[in-house]
Amino acid sequence: MSGEIHEECGVFAIADHEEASKYAYLGLHGLQHRGQESAGICSADGEHIYIHRQMGLVSDIFTPDVIEKLPGRSAIGHVRYSTSGTSHLKNAQPFLIGYWGGQLAIAHNGNLVNANRLRSELEARGSIFRTTSDTEVILHLIARSKHELAQDRIAEALQQVEGAYSLVFIKEDKIIAARDRFGFRPLILGKLNGSWVVASETTALGLIEGQYVREIHPGEMIVIKGKSMCSRKLQESPRQANCIFEHVYFARPDSFLFGSNVYESRKRMGRALAKESPVEADLVVPVPDSGVAAAIGYAEESGIPFEMGLIRSHYVGRTFIEPSSNIRHFGVKLKLGPVESLIRGKRVVVIDDSIVRGTTSEKLVQLFWAAGAREVHVRISAPPTKSPCYYGIDTPSEEELLAANNTVEGICRKIGASTLAYLSIDGMIASTGQEPERFCHACFSGKYPVEVPKTERRKRKVKE
Amino acid sequence: MSGEIHEECGVFAIADHEEASKYAYLGLHGLQHRGQESAGICSADGEHIYIHRQMGLVSDIFTPDVIEKLPGRSAIGHVRYSTSGTSHLKNAQPFLIGYWGGQLAIAHNGNLVNANRLRSELEARGSIFRTTSDTEVILHLIARSKHELAQDRIAEALQQVEGAYSLVFIKEDKIIAARDRFGFRPLILGKLNGSWVVASETTALGLIEGQYVREIHPGEMIVIKGKSMCSRKLQESPRQANCIFEHVYFARPDSFLFGSNVYESRKRMGRALAKESPVEADLVVPVPDSGVAAAIGYAEESGIPFEMGLIRSHYVGRTFIEPSSNIRHFGVKLKLGPVESLIRGKRVVVIDDSIVRGTTSEKLVQLFWAAGAREVHVRISAPPTKSPCYYGIDTPSEEELLAANNTVEGICRKIGASTLAYLSIDGMIASTGQEPERFCHACFSGKYPVEVPKTERRKRKVKE
Amino acid sequence: MSGEIHEECGVFAIADHEEASKYAYLGLHGLQHRGQESAGICSADGEHIYIHRQMGLVSDIFTPDVIEKLPGRSAIGHVRYSTSGTSHLKNAQPFLIGYWGGQLAIAHNGNLVNANRLRSELEARGSIFRTTSDTEVILHLIARSKHELAQDRIAEALQQVEGAYSLVFIKEDKIIAARDRFGFRPLILGKLNGSWVVASETTALGLIEGQYVREIHPGEMIVIKGKSMCSRKLQESPRQANCIFEHVYFARPDSFLFGSNVYESRKRMGRALAKESPVEADLVVPVPDSGVAAAIGYAEESGIPFEMGLIRSHYVGRTFIEPSSNIRHFGVKLKLGPVESLIRGKRVVVIDDSIVRGTTSEKLVQLFWAAGAREVHVRISAPPTKSPCYYGIDTPSEEELLAANNTVEGICRKIGASTLAYLSIDGMIASTGQEPERFCHACFSGKYPVEVPKTERRKRKVKE
Amino acid sequence: MSGEIHEECGVFAIADHEEASKYAYLGLHGLQHRGQESAGICSADGEHIYIHRQMGLVSDIFTPDVIEKLPGRSAIGHVRYSTSGTSHLKNAQPFLIGYWGGQLAIAHNGNLVNANRLRSELEARGSIFRTTSDTEVILHLIARSKHELAQDRIAEALQQVEGAYSLVFIKEDKIIAARDRFGFRPLILGKLNGSWVVASETTALGLIEGQYVREIHPGEMIVIKGKSMCSRKLQESPRQANCIFEHVYFARPDSFLFGSNVYESRKRMGRALAKESPVEADLVVPVPDSGVAAAIGYAEESGIPFEMGLIRSHYVGRTFIEPSSNIRHFGVKLKLGPVESLIRGKRVVVIDDSIVRGTTSEKLVQLFWAAGAREVHVRISAPPTKSPCYYGIDTPSEEELLAANNTVEGICRKIGASTLAYLSIDGMIASTGQEPERFCHACFSGKYPVEVPKTERRKRKVKE
């Protein structure tokens, strides 16, 4: 459902390439869907690390002038989104620090589940915190390690943290990447004309014409120096816990992720949904763009014609002044226009990928009624979102999650649809074409692969 | 074809409404696809006319501060795009002038075909020109009329101009709208809780919840004062010449235009194309977003599955730094990502709505080859664009138009497709569901409803 | 008195120089004190005229990028200030137009006294006005002239206008300058390595190392083409009427103006003031920077020590938030800080150049009382400003002019000074070291050299 | 000498006032001369600390919107200038951190002389540094203290640092201020309607109408909670070492500093200079604004008339494009215009307060020659600057200091003056009217009150 759930970040790294920062910026463009609030790049020339971070979109931030101030043959980058209200430049990554071992920068996708406890311990020992980010904890642990080499310090630090992390680091002369032992968030390894590349998704490779090599394994750390890469097992991986929400909503449809193509997963989810919850209707309409693949699958399986019955505007700015004479469903109308002649008098199946708080869905359903639909059947290509995510997807708290507090019938009434159905958890998992054990589906099933202490469920906030 | 042909403008007017300028801004948002370069609004409070014009998007320009400085119960607005290189604030509309009759502002969609001659005559009589726009000619003719009333002056002025115009004017105390006798460009009349509204497309009514009343007739002028509207026939309409390119490409799919819904016209064009130029293939892929409706039609008619095989990025900024180590098809890749697992080994039908200069199409075709397609069949849901438009669509000159200088076979070779086919002119016209005589299709057929003197084919330029 | 009276403009022109626009920008920097609201340059390369105008300071506007878009060997420029509330880019000069004779741009310092009448006549004949500026009238008269050559058209136009004008024009291939027959506003001719230069003040020559040649004579027009300049008498000059306010306040102290150096005029005004209105006191303190020269003169003549007892802050921004717990004399304190240890217990003579509305003077006097002064004697180095200027200085209307409605004693009470004295008109004129008949001193004496019709005393406003 | 020596900072604090952040902003405006590069304010409401820092001037940064986001009854502020090339937002103060004791923010004027050593020790113990500033060291020492109360932690931290510091801190519920035991940099205590105020200079009190109470003593720490203030001696003060350069150049002339008024000190320096180095001449001209007070003193003592022979432009922007046809003394001319008629044929005494690198002085002297001076006698109202400052004034390194490597005769030749003389050290000190032992004059005498280890003379840089 447009605009209600948000992942935090995407990361990128490239080692030993003559246009490192330029490629980092192009790679980040391919990850822009993972975070549109701020972006940053750190480059290194063997002696120094350079940084530029800014609020805004990758293509607006990294002008030729800015790229020129990021010299060197290695670079890491980060894009970030936050719904938590602490959207502020100082929380933008990478974070760059000076410590005993020189300089070090980090970019992080994921969320630690013991950050608050570690932070309290570190503060008690005299550490200073500048941000509200859990990522800063990792830096302090690295700085306090007694090891000589950066990779050994990082390894020691990562033994102490729990939760979800796909990380890239840059030192003056090397790139280090690491992924937690459950592999919650994606992190892939690629090559570009002999140079190693690390990225959150394969979409970062598409634009730069890099080759996909493999995933970084859960619990693996890799160290890249020049053209050579060496792998090291940080921790045993008891089981994988790939985030299935990446397949459902977050990743770009042209990504190859956790063994499958995302578009095809979503289309299979639509097919499964048609089998599980068929309905007699005249047309299948997706909520663009996120519901398109599932709607095609639903249409194919059900034999009901697929129509692009909602037209998406590409020019929606940040803020809109609403007139005082209230316009119904204002927010949704700014973005989506119904093709009335298609809908009038028809029984419509509307395909979306989620209902989070329900307010947007309600407006959407009423858009169809207002356009003259005879019946409006909502079909969600995922199960109800019942539990918050603590591993890096920025879901609302349990009280705010509609499905945590309402039956499907209740939600159907609330959003005003003729009928409502969700995909089953099994149907969703099967649609990925992968082993069921591979995934974390805690937001749907409430089964958390790693326990989350109560104290970690709300972040300590420093107002800024 | 993404980014190569561009219409100039959209216009909007609202009379006697307590939030006139706010509704003008929302109406312009619904016309934003008609022009993204600049936008402007003039409001009137019975005594004065106020103006704000700026480069940029409607939602960025009209902040609460700006709206507050546009008081009064009436307003007109304009959005503009120009590929002509004279993109400059002073060419942004509305134009506001002082003249014998007080103040007057104008917003214009279309292009006059005798502007250069009229301008020379006016200059010889001592008129001063501030812009390179043909619209300024109309203002001078109005200022030189001896009539008392603004509507009479406007009527006299419009007797003298030839070509395409859909116009809205604002006086201190009234709104006037007029459309040329051929009705080249659209102009519709609507109502909003008793207040009259005029707009280029019905999409301007959707967001503000206005009701569609009818088209402004070709050759008609309407004068709106308070809640009363009176119509006046300016000129006999020898025939209509509605721009069929609006149906093919320019209007938004959810528009109701020249008697038909645009989405459905396009889908019928896809069906007709499938009948005229079938091909054995595994999937039908649209170039998003413009080719989607036609691709659905093609898929339905041919029975070949429809797939969203190209993923559009929503974050393409204005300028991109290309790395020196050249990336193939860079421009297209910034915007579109192929779903490789879908395309690999397959025979693909690619549906687009036009090929203008051919460079983008070539890159696009090669994207499919690079993704492993077995065959790439390009099907264009319109006939070849062979002749420039002089009525308000900003097409390239004849020398630059690919189809004006190449056979279909030649173009197919140039863009590197397995096969290439265009829709026939008859097929296109029939797909609109309207009488064939209703349309201007000069850009496809070379048959110009109004003659264009040689001297008018290139505009006189004032450098700025 | 700081911030209450404002002149409108400064103009500059340079002909046939390889860095014309760059020198125009440096010349305008030397005229920046004549207008800080907007600046503009037009350059010409023999075939086209190029323009850039912007709100703001010369040094902020003319970046290398902007200068590069102003090619050609000739250029004119303009700086502007307006207190009239119509500060808007479209009123910024130069004005560039297209007309029968090609392109033409104008920059104007001064104010016409028959503009409203001419405008009404022109509008009745069908002319369109885009601005509220009297300058636009000149352009319309030029456009309506039947002469072939630009200089003949300009000459014909200038026969019809009355009032104050120092003008520079640029055509594709020449520069033209003209000054009204009274010579109200300054306009000087200079040379730069063989290239002709025209400017409002000699300060424009200082930075660029040009040589002062002479004043443009009242009623003279000069035409510069390449390195050759020819002069032409437009009108008999019945008498001169040089603006004495330029010497009193407006021109920069290092200017050589109407035959004298401004700093020395002002110092002599201070001396004359000391002779006319002596007082027993301990120190003489100027209101910086405008009162400095007169204060030095007063101190020398009286033998009372000169002290810089008010320190001027260089960092006063445009707007300041005042705290709700009201601070006394807030506005003046932002700008001026008294040296308390100097003032405490002393009898102070405060030298300023004018009292316009009196509010600032009142705050200033109270600053001295608050700093512990025993006596505060205000001495104004000019006569009371009793009448508005209609020749290009933007004075308040008669109702707002303090001295027009109060006696000196009344003003003294109002501003709270121990004593108050103004310089006499004769004393002021004698201090210039020039013939008395040379000057216009209407703002002091009410004797207007050119009559100003009632209808011209308020400008017609187009709201924007 | 204009633009060559720069102090780093100014600090301000206000406790328990209902418009704390607004008064902090007005106070910072009164300290703007101490730093124009960035400014910041932290406010506290008893529970949280809020921050806003930005590059630019106080009056541009603190708009009503920004002030509104700084709630609470206490606030501290900081203005900063840096010539070191690391001008970057992250070095802007205040610094705000989270640590064991909650939140804490600091603003610092001065420079530590053992920061590099302390930083290395802290890094070895696992501390992370985000900036290149010595101030961050203090924060780490505070965070590592085991004391319960913030003031005790701060006291412990300050025992460990050496050098110059005038500090203000803000906790959620109190303000703390401290000054090093030598009192290098000024720090004063004031009151505003019962609320305590701390500031670098008395000029911060002028605008807000606060009352001066006393200096914060060297080695003193004060803790302000609500309306109560308690003082605590942190360290014995072996001797004072007030920076005499504040009197010579840095402080604003209307400041009351180290027991004297700055304007009067400077005037006495001018008098002493006239006694020490008289010369027969026709006029005394200051380099505005810094040389004005001394020039008045010189003129009074010598009997040679004082003239404002150089006019300062108030509109000098950041960057100026120089024309390729080189203009002599370009930089100086942008800022200063000579009054030629005053100078021509005259013997001129030019009064300035320093010669640092000599390039500006050279241009200045040549300006007088070019204006026709017969003799140009340069008199500097301070001794030669021979040694770098390590206590917070950003002087050039020893190699770059002209006087460190040249005799007075050599410098005179280099700058092209007729004669050159400096004020003696004794003359300078005597002019302050204070005990000689009170001052640090290391930059003139090379006598450093606190030793500066070699390792501290160059800062470790983190490139950004």
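Labels A, B, C and D are assigned to the chains in the order they are written; within every chain, residues are numbered from 1.
One rule holds in what follows: a contact is a pair of C-beta atoms (placed from the backbone, for glycine too) under 8 Å apart; a residue touches a chain by one contact, two chains touch by 3 or more.
Here the structure is a predicted model, which is why all the values come from computation and not from measurement.
Comparing chain pairs A-B and B-C by the number of C-beta pairs in contact, the larger count belongs to A-B. The chain with its Cα centroid farthest from the Cα centroid of subunit C is A. Per-chain Cα centroids separate subunit B from subunit C by 49 Å.
We define each chain's centre as the mean of its Cα atoms; on that basis subunit A and subunit B are separated by 37 Å.
Listed for subunit A are no residues, as none touches two or more other chains.
Taken as a contact graph, the chains are arranged in a single closed ring, with each chain touching exactly two others.
Touching chain pairs in this entry, ordered by label, are A-B, A-D, B-C, C-D.
Of all residues in subunit D, only 18-19, 22-23, 25-26, 29-30, 32-33, 36, 57-60, 62-64, 67, 193, 203, 206-209, 252-254, 256, 261, 263-264, 289, 292-293, 296, 300, 305-308, 311-321, 323-325, 327-328, 330, 333-334, 337-342 touch subunit C in the complex they form. Per the touch definition, subunit A reaches subunit D in the complex via residues 48-51, 89, 96-100, 103, 123-130, 139-140, 143-145, 460, 462-464.
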